[in-house]
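Below, chain A partners chain B and then partners chain C, in two separate complexes.
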Partner chain A sequence: MSGLPATPASSVPVLALGDVLLVTLQGELHDGTAEQLQDHITHRIAHHPVPVGGVVIDISGVEIVDSFLGRILAEIAANARLLATRTVVAGMRPAVAITLVELGLTLPGLVTALDVDRALSLLGRAPSAAAPAHPEGDA
Partner chain B sequence: MQVADHDTAEEVAKELGGFLERRREQLAQRWADAPLFRTVFTVSRDEAVEACKAVVDALADVARSNRLEDVQAPGFGTVRDQLGRMAASRTQAGFSSSQIAGEVAGLREPALALLRTEFEESSAEHSEACLLALTVLMGTLRLVVMETSVSAGEELIARQRLQLLEVATPVIKLWEGIVAVPLIGTLDSARSQVVMESLLEAIVDQRARYAILDITGVPTVDSLVAQHLMKTVAAARLMGAECIVSGIRPAIAQTIVHLGIDLGSIITRAGLADALAYALTEQGIVVSQGPAQGGSPR
Partner chain C sequence: MHAPPAPTARLPIASDADLAWVRQQVRRAAADLGFGLVQQTKLVTAASELARNTLVHGGGGHVEMTVLEEGACRGLRLSFVDTGPGIRDVELAMTDGYTTGGGLGMGLSGAKRLVQEFALDSRPGEGTNVTVTDWVSGVPSPRTGAP
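After this line comes the complex of A and B, so read on.
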């Protein structure tokens, strides 16, 4: 049970790192849990003490993304956009990406990143944001 | 009547097996001169005779087990390899399957002649039955040869297909965070699957932000190939990498437009160099000429 009163309970923890919300999905996610999570994230964005700068959903621990979870991810992003927040889905596995594409779910509205680090730098929040500018000093 | 027939059939088969065993040497000598064996075992005649003996032994074994029409009879197991090699060498010499089958059929005549002399004094009915049994057996042998040669060909094709898949889809790291796949040859479903998998693996391994699909070596782009490309691009995007399709020749550009394929959501560049330049610029990397006498950009 999280301490915030107006928040629906969710079995997936949503961590606040500064003004960024980090959600890490692990293993198999039931449809009900996913819907709860969607609710939960939307509430957290709305009731966060400071304006939320971005939501990062780490799905590197997820082996199977079906059409339902794909839709939920897209809806979380759409909800966040309505609340003036960007969402980045990070760490999708190659097998998952192939399955989604074969299912015809290319999730066009979704911003993606290779891992959480890249997602944070995409949101302009990471300490390593400036790192890859000059990989091989050649100028 | 039926029962009696069946009984004699088994006896005939047994007798045929005995005949093959008795006349093993003679038969092998005669077969060694047949074109099938003579042309395969060119080194020495003894080698051909040995091979013939092995085949005769196998046939005798099959006849004794009364499985004259059974291609799967265990007796054939020992010579299957050898027959396959012979068929393969005939195929390499430019012979068609039916010609090889004809050569195998040619082995029947010497055997029949031997059998006739063997059963000269026995009743006409009996020798007739034996001749028939031998004919059936030789037909089965022909089938075995054809089967082994065909399956050998299929194995070869399967192996080469696998090699082609492995060889034809390298993923190259062009720069820090930039990988490229030069696609060569026709892109079908199986190959595009391999391309997609190896590209996504490379994106993870190299932590790539940009993936370049170079289709300079793809002869034609139809709607199916375009669909495969779009799938690959979409999968790479889901992994957080941006895909650039390069090497679209003028003719292919026209075909794509004629077919009404919408590649609007994909970044395209004329050449691999342009794609690399785009990816470098997007990452804020500037390539300039060195201070020395106009060295080429690396």
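After this line comes the complex of A and C, so read on.
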């Protein structure tokens, strides 16, 4: 038997970078996990101790976006917008963009950025100050 | 005359996890055959749409993956099979935006645009079989065919 997926279904961590929620999607995302994520982000926005200044969803590690995941991304953004929060989807791979357009899914309501730094800039946050991945160093 | 090639793999489609497994296996087979990244991504995305249809509308089923060789041409054929209720109006089901499953209605029509060959056979009450085929660097897509 070799029917088990290499990557098990697991929940996606939602990190707080200052007042921005950063979600990094990677590899295989099961439908159920994506639906849980949608629910989780929406509740985090509604119940966050300080107002959430924006949501950044990094999909640079995602190899395919089908109509299901595309719909989830659009719905997360729509939910957030109704809760007075902006969402930026960052890092879509070129092959994914080409495929989505051909699929007929151009997701016009979705704000995108080429990477997380630019997504943070779009939300009016200073990338270098907020991103913990950058090595510390004084100018 | 030669016998049709035997399926290389038969994967069940009965759960979320199976959809992920199908995507991984199609990706691996396409990469092994030498499909370019964009073509791989399109084929895996089409497979994801069709496998989800098999699961959601067909009540589950399986996909048969077959590696094809015709002369110098190599390709991958995916056959999605279910024994669900079938599609009553195929033309309507192939329309962009038409949905009975709460999705965006891009599954069938979108998947057709992502592959080179697409065949749908459905009988009400008996089930649905959708077969798609992609060739490595082979057939140009119709809209880019003109010089």
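Just so it is clear, the second predicted complex is superposed on the first by the 116 of 139 C-alpha atoms of A that agree within 3 Å, B and C clash if a C-alpha of one lies under 4 Å from a C-alpha of the other, contacts with A are read in each partner's own complex, and residues count from 1 in each chain.
As a convention for this text, contacts are C-beta pairs under 8 Å (C-beta built on N, C-alpha and C of every residue); 3 or more make two chains touch, one makes a residue touch a chain.
Quantities reported herein were computed from a predicted structural model and do not represent experimental measurements.
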Looking at the overlay, does A:V55 come into contact with chain B only (first), chain C only (second), both, or neither? neither
So in the superposed three-chain picture, is A:V14 touching just chain B, just chain C, both, or none of them (first/second/both/neither)? neither
In the overlay, answer first, second, both or neither for which of chain B and chain C A:E28 touches. second
Please work out whether A:E102 is in contact with chain B alone, chain C alone, both, or neither, and reply first, second, both or neither. both
Could you say whether A:A113 touches chain B, chain C, both of them, or neither, answering first, second, both or neither? first
If we overlay the two complexes on their shared chain A, which of chain B and chain C does A:D66 touch? Say first, second, both or neither. second
Which holds for A:M92: it touches chain B only (first), chain C only (second), both, or neither? first
Can you list the residues of chain A that touch chain B in one structure and chain C in the other? 94, 96, 98, 102
Contact footprint of chain A on chain C as seen in their complex: 11-12, 16-17, 19-21, 23-24, 27, 37-38, 40-42, 44-45, 48-49, 52, 96, 103-104, 106-107, 109-111, 113-114
Once bound in the complex, which stretches of chain A touch chain B? 90, 92, 94, 96-98, 100-102, 106-108, 110, 112-115, 118-119, 132-136, 138-139
Contacting residues of chain A [partner chain C, same complex]: 3-7, 9, 28-32, 63-68, 70-71, 93-96, 98-99, 102-105
Listed in rising order, the residues of chain B that touch chain A in the complex are 175-177, 193, 196-197, 200-201, 203-204, 207-209, 231, 234-241, 265, 283-288, 298
